[in-house]
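In the two complexes that follow, chain A is the common piece, with chain B as its partner first and chain C second.
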Partner chain A sequence: MRVVELAVNKKNISELIVKSRTENLSLIRDFVSNKASAAGLSKEDIENIMLSVDEACTNIIKHAYNSYPDGEIVINLEFNSEKISISIIDHGSTFNPDTVPDPDLQKYYKNGRVGGLGMYLMKTLMDDVKYISVPGEYNKVLLSKKINVA
Partner chain B sequence: MESITTNIFSSGNYMMSFSGNFKKERHENILIEIITAKEIDFKKAMYFKDILDEDISEGYNNILVDLSDCDFIESSFLGILVQASKKLKINNGNLKIIGLNALPDNIFILGGFTKLFQVFKTRQEAIQSFAA
Partner chain C sequence: MAEFSTSIINKGDVSVINLSGYLDAHTAPTLEDNFTDLIDQNKFKIVVNFNDLAYISSAGLGVFMAYIEKIRNNNGDIKLTNMNDKVFNIFDLLGFPLLYEIFKTDEEAVTKFNESSGVGSK
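Then we have the complex of A and B:
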């Protein structure tokens, strides 16, 4: 695990690098929770961001790295007085989020599926969710949320 | 009012490692699955799926999931509840929820899951609702 912290142009920037292991998910949640608290977010917003990052990292562990435990996950978190932004980078298999439609909950219920809710929750809980995938190089998930001071 | 507490066990080592996170009680024809873990990630969620599948195959139609001790749930856990609920409905059964703390409660409301599950504040209320 590696943590880097910087303050550039009134932006607070922190970086956490961990291996793609489920036992690191609680580390990631603690990192996000601590930094989001420092940004002055409400408890509810912090919890929503924490869950969204957890979902993104779980997807990386399960799908991008296919449960390979030594892949690298890089989490960059930055905030200013208006917005908190998080980027999550992996070097696993390319993932095209457009192939995963937003679930209609009633249809989801009828189909009896287990997975597929992670992105739905991320999109519900964050203001903006973007994916960038460069095949053979990296995948990046970008999450952001406006700051409503607690 | 009969209430029996049993510990879940399994023969596999992998399964054993998660058994301390779940506990079950029985109240008449209602099975109460208590999540004792503070956090449910996808591995624990998949273990809980096996528990629910076993409950359903043993003939339990009314299952109450108690999340009072749990502060964090991952989306795959929600998917597992949805799947189990669907299986129970086929047998005219029900899966209901109690004890939602702040984050799980928020996920249930924002994610629209309150349309799929009945959620109660107390065990008593939930038990009475099964009889209604």
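Then we have the complex of A and C:
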């Protein structure tokens, strides 16, 4: 694990690099929660961002790295007074988010299997979710949320 | 390291699984094992108490989906209790309240089981 912190032009930037293992999800959530607290977000927003990053990383571990434990996940979190942005990069297999349908609970009920719940949660809980894939090089998930100062 | 643990107590023929801590992709297998063990013992009346659950991700929600049909096919159910607002909100976003009965207390859930089995045995 590696954590890097920078403050550039009033932007706060932090980076966490972890291996693609589900045991690291708690570390990832703690990192997001600590940094997002410094951004002055509400408790509810922090929890929603934490869950969104967990979902993105869980998908990377299970799908991009297909549960291979030694892949790298690079999480970059930055915020200014208006917005918090998180990028999550992996070097696993390419993935096309358009092929993931919205959740269909009736179908899950029949199949006993769920899929796409994490992506749906991310889209619902964040203001913006973007996927960028460069096949053979990297996948990047970009999450952002406006900071509403109370 | 976030912790997750479960404990199971019996209330008559109803099994109550108490969840505690963080339920995510790493800890979900613990709960899967609980459901598998109960099903192996033909215990299909299951209450899950969320009182001490601090966190749930979709990997945790998926566990409830994985066993529900088998359990209902055996005249059982998974009923959920003591859910805080934060956890309920995640269930609600995904439409889970349409599929699962949610009660404030274990007692209400157990009573509901007993009422339904009464009707079924007539």
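Please note the rule applied: the second predicted complex is superposed on the first by the 139 of 150 C-alpha atoms of A that agree within 3 Å, B and C clash if a C-alpha of one lies under 4 Å from a C-alpha of the other, contacts with A are read in each partner's own complex, and residues count from 1 in each chain.
Following the convention adopted for this analysis, a residue touches a chain if its C-beta (ideal position, glycine included) is under 8 Å from a C-beta of that chain, and two chains touch if they have at least 3 such contacts.
Since this is a predicted model, take the numbers as computed values, not measurements.
By the touch criterion defined above, A:Lys62 reaches both chain B and chain C.
Shared-chain residue A:Asp90: touches no atom of chain B or chain C. Judged by the touch definition given at the top, the superposed model places A:Glu78 against neither chain B nor chain C. By the document's definition of touching, neither partner reaches A:Asp45: not chain B, not chain C.
When the two complexes are overlaid on their common chain A, residue A:Leu25 makes contact with chain B and with chain C alike. Within the superposed three-chain model, A:Leu121 lies in touch with chain B and with chain C [touch as defined at top]. Chain A residues 22, 25-26, 29, 44, 47, 51, 54-55, 58, 62, 105, 108-110, 112-114, 117-118, 120-121, 124-125 lie at the interface with chain B in one structure and with chain C in the other.
Of all residues in chain B, those touching chain A in their complex are 39, 41-43, 49, 72, 74-76, 78-80, 82-83, 85-87, 102-103, 106-107, 110-113, 115-116. Those residues of chain A whose C-beta lies close enough to touch chain B in the complex are 22, 25-26, 29, 43-44, 47-48, 50-51, 54-55, 58, 62, 105-106, 108-110, 112-118, 120-121, 124-125. Touching chain C in their complex are the following residues of chain A: 22-23, 25-27, 29, 44, 47, 51, 54-55, 58, 61-62, 103, 105, 108-110, 112-114, 117-118, 120-121, 124-125. Taken together, the chain C residues at the contact with chain A in this complex read 1-2, 22, 24-26, 55, 57-59, 61-62, 65-70, 86, 90, 93-96, 98-99.
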